[in-house]
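Paired with chain B in one complex and with chain C in the other, chain A is shared by the two complexes that follow.
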Partner chain A sequence: MNHGRYRVWHWRSWSVRYAPPALLLAALLMVLLLVMAAYGLTVGSMRVPLADVVAIVMGHDESGLSARIVLDIRLPRILAAIFVGAALGVSGAIFQSISRNPLGSPDLIGFTTGAATGALTLILFFSPSVLQITLAATVGGLATALIVYLFALKGGGGGYRLILIGLGVGSTLSAVNGLLLVRGDLDDALWANIWLAGSLNGRTWSQVWPLMLGVVVLVPVVCFGARALTLLEMGDDIARQLGVPTERLRLGMIMCAVILAALATGTAGPIAFIALAAPQLSRSLLPGVALPVLCSACMGAGLLLLADLLIQALPLAVSVPVGRMTGIVGGLYLLWLLTRQR
Partner chain B sequence: MMLLDHEFSPRQSARLRGERLTLAYDGRTVCDGLSVAIPDGCFTAIIGPNGCGKSTLLRSLCRLLRPQAGQVWLDGQAIHQLPTREVATKLGLLPQAAQAPAGILVADLVARGRYPHHSLFRQWSHEDALAVKQAMAATGVTELADREVDQLSGGQRQRVWIALVLAQQTPWLLLDEPTTFLDIAHQIELLELFCTLNRQGGRTLVAVLHDLNQACRYADHLIVMANGQILAEGAPHTLMSAELVAEVFGLECIIIDDPVSHTPLIIPRRHSLSAELAPLNGPKTRGA
Partner chain C sequence: MLLLVLGLTLLFLLSLASITVGSRGLPLATVADAFFSFDPARNEHLLLRHLRLPRALLAVVVGGALGMAGAVMQALTRNPLADPGLLGVNAGATLAIVVAIAAWGITDMSDYMWFGLLGAAVAGAAVYLLGGVRSGLNPVRLVLAGAALSVVLLALTQIITVNSDEVIFDQFRHWAVGSLQGRSYDVLVPAAILILITLGCGLVLCRALDALSLGDDVAKALGVSPRRVWCACAAVVIILSGVATAAVGPVSFIGLAAPHLARLWVGPEHRRLLPLSMLISALLMLSADTLGRMVAHPDEVGVGIMVALIGGPFFVVLVRRWRLVRP
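Up next is the complex of A and B:
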């Protein structure tokens, strides 16, 4: 019953196929996430012992100072890191699959820039609430995606076209973002600049909820579509002859990817590198296995949480925004990737 | 010249047929008002010069290309109105270009042919395992099951792709230039495999082929195309003539009996006719 790298799990007339290495990797990453999250909840300007953290999170102690710090400051920040990372990881996995290119990630093809344009417009011209910023970023990202998709579709689609048009639209929008910053009021521009750096600092529950909801709803949808998406990687003709509704699938999956990326950007600002690296790392650890959605999610969450914990642990006087950190690491990773391929 | 051979089932009763098809790529019309019937249970080869619309026709027959006008009928139903999943259980196509994912194993690639038979909670059954096993045995890739597709030779890889389409277990098998880029031994091996699949499996095969002699030798039915039209069709021995080859390819030749298979064997003369007859083939169109 098993074939190649897959095993089958039967129950009555149902059967589910899975790849043991993918399951193992996902489980391993989840354990690491849990460990990092637990550690993250204990450290900070005030140390809270692990036993207390467990009691607080289980709801046994809700009043004290340490409970407020853990529940209102650290937990939202850690959950934001996990869900932003997961959303970016899945979004990148989808873009890389659809563009059949390891560089197809939402930050490279302009969607993150578009989300930033949406958020900046709101920050500079209306003084919005944090929730409104999240919303504006989502709308900005979706609008950008729509423009890129329509342009790419006009020329007959294709992965390279999507990337090139995304690059064009992205650089235009990044110039627009610069203009917006110059035009705005100085205080607002300062705030906008902090937002643009991409940070998990001071995230509140109201910012985390929409993102969590989006991830919990969309990731299973993507997992469901991943099998067909994997077939699409072999080429449109073979996928269609196997019964995959290629155009509908592509559009639906791009929508999921854009919403995920935009929600993540709305919550934390533009965070580079995660969407690019998480699916690539998962894929290189799992050769010959269908699109690893769950692993990309866990990998993205793990990478961002790790980055966030690292900058908190670094002996720096100022707190570095996590987006800058991933930007630097991501840039180096990209250079390494490009020089490694001929 | 119009040679229509009626020794096969009459046009109207063929289970797969195209009716007055107008086919276009990016607004450029390749075929206009073309009607075709695929004889049931036969190995049909579509031949013709480059750019005459062979692949275009094949793509429209398996609903990959929606006709501008006309209709493709599959078992009395308009193919473009059927769900793609349902068509995928009846028609299998081996396209010209398909990309094997990096690192995939042969068994896993062949297993992807079972996709149209699956659903969310029925991802793998005994029938699936059996179909994959049979497909790999028929194409002789059973020993390669645990090898990575990237590491195979061109001939082996093509057999794996055919196994994928075979695992779909479709009554129709459409092959778009399946022998291109293979050496002569692998070409013959594949064509013999197609004959076996046709005779033993009772499948209807349609292949776009370039080599006229191979088409004459292995196919039961030839469809000869030029300029987006069907110029002639029928069994190779009744159909093939020096005049037809001259008209379609602008190539002067003599036709002798193939000493091995006793099918028509086309021997080209020097290519002096081409200059005069080239305009017959018209301007180049996309695809072959």
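Up next is the complex of A and C:
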């Protein structure tokens, strides 16, 4: 049987199918991530030499100012960037596959708007802690996704109906968000606006742990389901003939994607473009590999970490939230792609 | 034809109702007085003539503009989901107005209008060029260019609001939801002139659009140049939605929903679809504005919010009921 660019690894009655180019790319990206993370730990308003950073992270030097800065400020921020990026990358890959649309992303089903509604409600009516905002955004996003899915369930129109319903629910919620912003107290609205811009400033360990846990558990699950999802791209009928439980698979994968996006948005606020760009880039670097989940994760992590390091390193007089930086860079990149396709 | 007459009558009645509703209710008799025996010394008359009337007229004009922009956009992209807001003109107007507020401290509605127009024009021209309108018929590319440009422009907008004074954000948040509040003749007159001229051009394109919807080859055989129609239509959509956004702020959904409703009655023929779509969307806009003033009496909810609050659930029902689904 021809596996294309895939290899199969057998062990007794078990076998695993893998694509060497994808693994190679993922390994390469991980090395890049490590280098960027190491660099990110050393720079900032106080420079910490790399040797010290290694000692601190290894646990040899737990006291002292530089240890506190590295362990409590820089490390959580960098981990947040990596895992938010990874979660968004995988989530985007799933949505692009399910909607059979290269522009698919969790935003399409009104997800980000729902998360924002959750966060805004909490910010404007109660004065919550940062952790509570994280939780509210996560719950808001999940609830929106659930509503959209339940509405779209009837009759089963596949991915297309889901997107249409998501569009309707999303624009209703964005009106609610507008109402909340206009009606709310000005100070609270300002705070909400900063949350809406998406930022990794001042993330703490308590926000990073749930996200890390989610990514570590869900990404392998998605990797496992990726092959069946590829079959689903050929149409429900063919997939069913090949023994894929279509509805169950779709529901499960959407749930994974939504939970990942919810955790990411809850931690960092809305981050533009990573979910769209990471799977696209991985696919264009890996022709012939169906659904590069692991690579999308690494690519998303790399892009977000790079954007975060850039806004810290750039000598700008204004503060640029990382969520908008990714939007500007990603949007310009897409425009550049368009002008090249004559 | 009957439908059109019926709709126009409804529009007239609704305008009357809209004029009487507000933070201060005015009986119809006063309205009649204000028009037929105007007395500049009476506050009610001034209120009616200088605030309520231009407001209702602006709602009708802008509604008509959005209705046509949406219908033409859907015909152009052959995509039932196309919304004129996708083309980046909304984002362009938004950025220009934020810059105007942040850099020059501008607070006047009519100045907003001119800055909004400028921003919409620049963004529209950019989308027109980047989307390759002149180099050939490629709707996907046009929409992609609009979406990408919107993301960039809105990111810049947010960076400005995050970094500037809270007063600036306060002004901006009220503009950004789309509202007819405080628009008087100095917004209405320029907006109405631009929109009416463009609407005329749009109506002339009806037949060509019908020919085009049969496919490029048939259109050519019928003597219609697809490329020329495509250029003209793109320009019409960009101008209409740009002027509408500059005048009242971003109002989504009307441009998407009105053509769908109109199609339910008269089918896909543009000669009938365009006028009806304009009429329906003017009706929607006017009733959303009137309702917005009633639900939060004596305050008001912006028309942009009302439209999406009503239109969103309606759209969901539409998608579930009718088989809009095309895999």
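Methods note: the second predicted complex is superposed on the first by the 324 of 342 C-alpha atoms of A that agree within 3 Å, B and C clash if a C-alpha of one lies under 4 Å from a C-alpha of the other, contacts with A are read in each partner's own complex, and residues count from 1 in each chain.
Basically, a contact is a pair of C-beta atoms (placed from the backbone, for glycine too) under 8 Å apart; a residue touches a chain by one contact, two chains touch by 3 or more.
Nothing here was measured: the structure is a model prediction, and the numbers come from that model.
Colleague: Once both complexes are superposed via chain A, do chain B and chain C end up clashing or fitting?
Modeller: Aligned on chain A, chain C fits beside chain B.
Colleague: In the overlay, answer first, second, both or neither for which of chain B and chain C A:Tyr6 touches.
Modeller: Only chain B; A:Tyr6 stays clear of chain C.
Colleague: Give one of first, second, both or neither to describe whether A:Phe224 is in contact with chain B, with chain C, with both, or with none.
Modeller: first
Colleague: Using the superposition on chain A described above, determine whether A:Pro245 touches chain B (first), chain C (second), both, or neither.
Modeller: It touches chain B, and chain C stays clear.
Colleague: Which holds for A:Leu190: it touches chain B only (first), chain C only (second), both, or neither?
Modeller: The second partner, chain C, only.
Colleague: Considering only touches as defined above, state whether A:Pro287 meets chain B (first), chain C (second), both or neither.
Modeller: It touches chain B, and chain C stays clear.
Colleague: Thinking of the overlay built on chain A, is A:Met234 touched by chain B (first), by chain C (second), by both, or by neither?
Modeller: first
Colleague: Who does A:Phe151 touch here: chain B (first), chain C (second), both, or neither?
Modeller: In the superposed model, A:Phe151 contacts chain C only, not chain B.
Colleague: Name the chain, either chain B or chain C, that contacts more residues of chain A.
Modeller: The partner that reaches more residues of chain A in the superposed model: C.
Colleague: Least CA distance chain B-chain C after superposition, rounded to whole Å?
Modeller: Chain B and chain C, overlaid via chain A, are at closest 11 Å apart by C-alpha.
Colleague: Find the residues of chain A that appear in the contact set with chain B and again in the contact set with chain C.
Modeller: none
Colleague: So in the complex, the part of chain A that touches chain C is made up of which residues?
Modeller: 103, 151, 154, 157-158, 160-161, 164-165, 167-176, 178-179, 181-182, 186-187, 189-190, 193-194, 196-197, 272-273, 318-321, 324-325, 327-328, 330-332, 334-335, 338-339, 341-342
Colleague: Mind listing the chain B positions that touch chain A in their complex?
Modeller: Of all residues in chain B, those touching chain A are 26, 59, 62-64, 83-89, 91-93, 95-108, 111-113, 115-116, 120-126, 129, 132, 145-146, 148, 164-165, 168.
Colleague: State the interface residues of chain C toward chain A in the complex, per the touch definition above.
Modeller: Residues 81, 130-132, 135, 141, 144-145, 147-152, 154-156, 158-159, 161-163, 166, 169-170, 173-174, 176-177, 252-253, 301-302, 304-309, 311-316, 319-320, 324-327.
Colleague: For chain A, which residues are in contact with chain B within the complex?
Modeller: 1, 3-6, 8, 13-17, 100, 156, 224, 227-228, 230-231, 233-235, 237-238, 240-245, 287-288
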